[in-house]
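Have a look at these structures, which come just after this line.
Next come two complexes, and both contain subunit A; in the first it sits with subunit B, in the second with subunit C.
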Partner chain A sequence: MERDTNARATRFLVTTSSARASVPGASPFRLGVSFDRLGSVIALLAGISVFVLPFVTYRANRIVSGEPRLLLHALPTTVAVAVMGAVVAVALVAVFIRWPTVRLTAAALGLVVVVPAVGLSAGFMTPTGNNFARISPASGFWLLTLALGLLVADSLTRLRFGPWARLGALVIAAVAVAILLVSGAWHNLSLLKEYATRADSFWREADQHIFLSLGSVAAAAAVGLPLGVLCHRVRAVRGPTLQVLNIVQTIPSIALFGMLMVPLGFLAANVPAAAAIGIRGIGAAPAFVALFLYALLPIVANTVVGLDQVPANVVDAARGMGMSRRQRLTQVKIPLALPIILTGIRIVLVQNLGLATVAALIGGGGFGTFVFQGVGQTAMDLVLLGAIPTVALSFAAAVILDAVIDLAGRVRK
Partner chain B sequence: MKMSAASLRIAAFVLLVAFVSAPQLFAFVFEPLTENGAPAIYNQGSLLSLTLAHLRTVFGAVVASTIVAVLLGIFVTRPAGMEFLPLSRSIVNIGQTFPPVAVLAVAVPIVGFGEAPTLIALFLYGLLPIFENTLSGLTQVPPLVLDAAKGMGMSPRQRLLGVELPLALPVILAGIRLSAIINLGTATIGSTVAAKGLGEVIIAGLQSNNVAFILQGGLVVALLAALLHDGLMTLERTIASRLGRSM
Partner chain C sequence: MIEIEHLSKHYGETIVVDDVSLRVDEGTITVVVGTSGAGKSTLLRMINRLVEPSAGRVLIDGQDTMSIPEDELRHRIGYVIQGHGLFPHRTVAGNIATVPRLLGWDAKRIAQRVEELLLLFQLDPAEFAKKYPHELSGGQQQRVGVARALAARPALLLMDEPFGALDPLIRSKAQDDLLTIQRRLGTTVVLVTHDMEEAFHLGDMIAVMDEARLLQYGTAAELLTRPLPGFVERLVGTAERPFRLLSLAKVGDAVEPGSAEGEPVDVSSNLRDALSRLIWIGSPTAPVADASGAIVGRISVDGILAHGRRPT
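So, the complex of A and B:
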């Protein structure tokens, strides 16, 4: 049963020809008892990270270099052995069981054991009443999380969830992370100690980051969609527009941020109204404009491609039905082009969520503030405090928009 | 049309070379942008050596990511690595959500300041487009062609080297181009962690509030990117036409 499911999934996912899949003896699914190769790699990674690599790093204070601790010495012995047992169980599932649902459940349970365990370890290792000691996850923990994450990702890929199920999985993951953070299980970890001392600024920078990236994409969509329609209709506009936007893309982000300081500074100095709404030479304004400019090309280009790809006979049929030019555009062409247009928006949203970190260099705020502060102080935890939320946001945005694209494509059929 | 495009390219190249080797000649262009008698041309190092360092970093990273990404792409499309294909696809998708700044910043505590974190970030970031294109190039080879190759008695290795890779080459090259162009811009961020490169000029401008510096650094990188894009496109077209296909 399980072998069957897996073989079917693989046949579907692998877009190569039947010619290659039918090479005799090449497919591991034909064998009676076999190791799952991917599972074996994951089990190996998990084994190394539990038994060989340090699980956490102990530092007497924030700046000094740390001393690594193995899992066995990072937790009370019984707990450590229980965690090891859980990891070994997951590894065995990964090696011997092919059924994606079982693998997914095992990997998720593994994460539920391992992730709080690192918080527990921090509580265990911090001497009571010591506020200076810092415990941070070390390579073993990260590698273990990676191995379990790979198993989750592989099972999810093989299960081929539909858009709603993927959104559901994202919500479950978000709720799990929220419970982890609210419950206090991680409060003794250095990452959250860094957060605790700057909770206010963290949420301020989070707002700023989201404003910069989502706001710039919204503005770019508001301008880019009509511009794309115009480029689609008027050939003479298309070439020059796309060329200019192409050139904008090649300017490195920090340079574009810097260059925009000139005109915006000039504007702020000479137009009181502009200064009144918060336009300044430094800070958020140049960052916002730069992100807006970067977002334009993919949106305009995808709108043009999407509209161009609508089959001519469909448009003819719409014309035959007596639809006006405007109706053809809004009721036929745009709905048909929607998945491609949305793909453009997905690209720029993920890109801008990442690029917004650079805004911190010109005083534009956002999570980059912590990243660059952390780099300046060589404080890894501070870097992670900026980097992890950025990656999480980009990842969530990618999952959500992929689901929306799927749904938009489904409506079309 | 063709002629003017070619002469534009040559003009851009000449301008770039002239500017990085003798920037003082262009001081008059940047002077209006400076305030309080600040220098108009970057004066803390030679633009030429910074440009070369920048290109060296990008080139090194792209070569490394090309080797790794193409080998990985070949591995997961062989029967032995087939099991890793779905996962590697999702890793590519997830990997793209990591902002380069984050990769760079996380690499610093591990390998220290300087070129190394930049190379790592560029290498990792450059892997994705090449890997993705290698995959789509190799999986898009028509099954009929492969069957024919098999019928001719070609071994799997001969099919890979003689049929699949040549057919996938234009797509792989497009991935390399994408990766090189992205890296050219991203490498400027490397200067925040003390890597030598054109980012130094821009950051010096940001720190001393000297727009002339920012503009110089930005323009040189943009020109490099445009020329590189053009050059690689031409190379792709040449190779594609050698293969008897139109792009």
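So, the complex of A and C:
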């Protein structure tokens, strides 16, 4: 253990201050423990979350302010002590064990203990027969989850998983979350109570959110890729196109929604066919168009850059062997530009999954509906009901596209 | 046979190739040599119409290249460039299969051809077929580049500084391999280089270009013995001239009757190497043996030197 000094771990030196003061320059006393810096931070966070910060908040109903409860008081004592023990064990692993697989396993087990525990706590604290009391995770729980999540992320980075392994890890995480939600372990938490009262609208907004973000990216790709190819081929088109798209990119989203309401409203009022397919001055249409416009620049710009960076002698060889323009594009240039093009799509997908929340402001729907309703009612759980799925979707999209990019660029240096 | 007739290329006011005419015979290697910017690549690229000529024409076996659709023309002409230009996203086998695939060969025929070419270029198919270009050494990449150009059995191979990126030892091996393969396949080769040594080593015929014009076109011996005064003379290298002449002539050309002591020299080796031997062993003469090992006469330092002398 002493010898296998990891790059990120630091050897911890302890000097006694008196010795240093009295004998300047004397070699310090070495404590024979090597010590992981990030691990210690994680352990510290975990310790604070478990012993100092409230684990859950109890509220008599969904809008009154709550009373914080420490972990020790949020669960039956034996269970609480067991959870504390588990967290301390994970913290010790984080500090002293360097082996990434062990750290990953410990962090995963920690999450498996802590996450259902908060659901259990909700069951324990809800007075029987009381439908108004709300128990929600408090800062201690969130900080603890963050600390364990950091440990997971750090071990995954150190393990340098390939793209398939990362996709596998994502699937495992998704299955774990699904089990947690379906099993009912969290049913007594305020977040799920909030969900239960509006399950129908939740899935409707989820569909809408995915339609707005993925649909706008798909439309932007369908337009942006050919436009990028055109900009790559015709220099005269490139400058103006990229400039216009650049300007669009700088317009704040609310302003862009507002700007689109006028022409789309006009269209709806004057072209019956447009109105018939659902185009309105407010609602999903301006939101979709705005998201589409935001997605266009990164896709076009990355397509142009990707095609431009294909080595000239490779293209020359392709031409010399009698590949037609189309064959050069589809068989040589696009495959070689693909990692960069996909990077552009990754950027806009993650961006639009987040931006789509703003669509709710103009009646476009999506998870933003819950966020803004929640803000209006000062109901934090409702805000979370919109925010958590948004973050989870963005995260999953990033992991999936990173893996795809890796796979696409894998054969080359 | 390729006939280049009054071929010119200009970009605006700049003349890059100026009224070049030359004939390349079937199954020979013609080397176009000249300093950088002379217009060699442009001349070469007008043969497969990567550059459209401003004036003049190119005939391949009597057929005007302008009458053949350009992609079809290029399928029939191998093309090798400096730094190989291999497709980084395709394996060695995929790279070699490029033109056969464009021609719509069936998979089995392509696989056979790829294997055949890998063996021809001394690359073990089991080891190399599935590798990607970045996993190969410079010499291996270069060989794959040539194999790819030869995949659809073109009668004509165009090479633009094909050995330019190789270090000297690998380069001379690659040149020898090219000679062997060219002699075996009988492919007509037009090769561009700025390296005079390479031109003499490879060229059946050498075309010297400078400032867009073809200055002299002839065999290596003609260029050495009767160089055009000025640029060609300087390029041929006055100090090297006798030794270059000697390396062009064979021992068979200088064999004399009589006998001599010591190890025989091979009748097919060149006079430069024979002279080196004589200097090294400190003897004025050596016996000459033919391919079967029979002594056919002797060779002498004086006899060799006569072949390096200025013609009168």
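Here is the rule we go by: the second predicted complex is superposed on the first by the 378 of 413 C-alpha atoms of A that agree within 3 Å, B and C clash if a C-alpha of one lies under 4 Å from a C-alpha of the other, contacts with A are read in each partner's own complex, and residues count from 1 in each chain.
Note that contacts are C-beta pairs under 8 Å (C-beta built on N, C-alpha and C of every residue); 3 or more make two chains touch, one makes a residue touch a chain.
Model, not experiment: these values are computed from the prediction.
In the superposition on chain A, A:354 makes contact with subunit B only, not with subunit C.
In the superposition on chain A, contact of A:378 is made with subunit B only, not with subunit C. In the superposition on chain A, contact of A:125 is made with neither subunit B nor subunit C. Of the two partner chains placed by the overlay, neither subunit B nor subunit C lies in contact with A:401. The larger set of touched subunit A residues comes from B, when the choice is between subunit B and subunit C. In the superposition on chain A, A:316 makes contact with subunit C only, not with subunit B. In the superposition on chain A, contact is made by A:261 with subunit B only, not with subunit C.
In the superposition on chain A, A:327 contacts subunit C only, with no contact to subunit B.
Common to the subunit B and subunit C interfaces on subunit A is no residue. Subunit A makes touch with subunit C in their complex at residues 311, 313-314, 316-324, 327, 332, 335-336, 411-413. Across the interface of their complex, subunit B is touched by residues 9-10, 13-21, 23, 26-28, 36-38, 150, 153-154, 156-158, 247, 250-256, 258-259, 261-262, 350, 353-355, 357-358, 361-362, 368, 371-372, 374-375, 378, 380, 383-384, 386-387, 390-391, 394-395, 397-398 of subunit A. Interface of subunit B with subunit A (complex): residues 33, 77, 79-80, 82-87, 89-91, 93-94, 96-102, 105-106, 108-109, 139, 143, 146-147, 150, 181, 184-186, 188-189, 192-193, 198-199, 202-203, 205-206, 211, 214-215, 217-219, 221-222, 225-226, 229. Looking at the complex, you find that subunit C touches subunit A at residues 48, 50, 70-75, 79, 81-89, 98-99, 102, 132, 134, 145, 148-149, 158.
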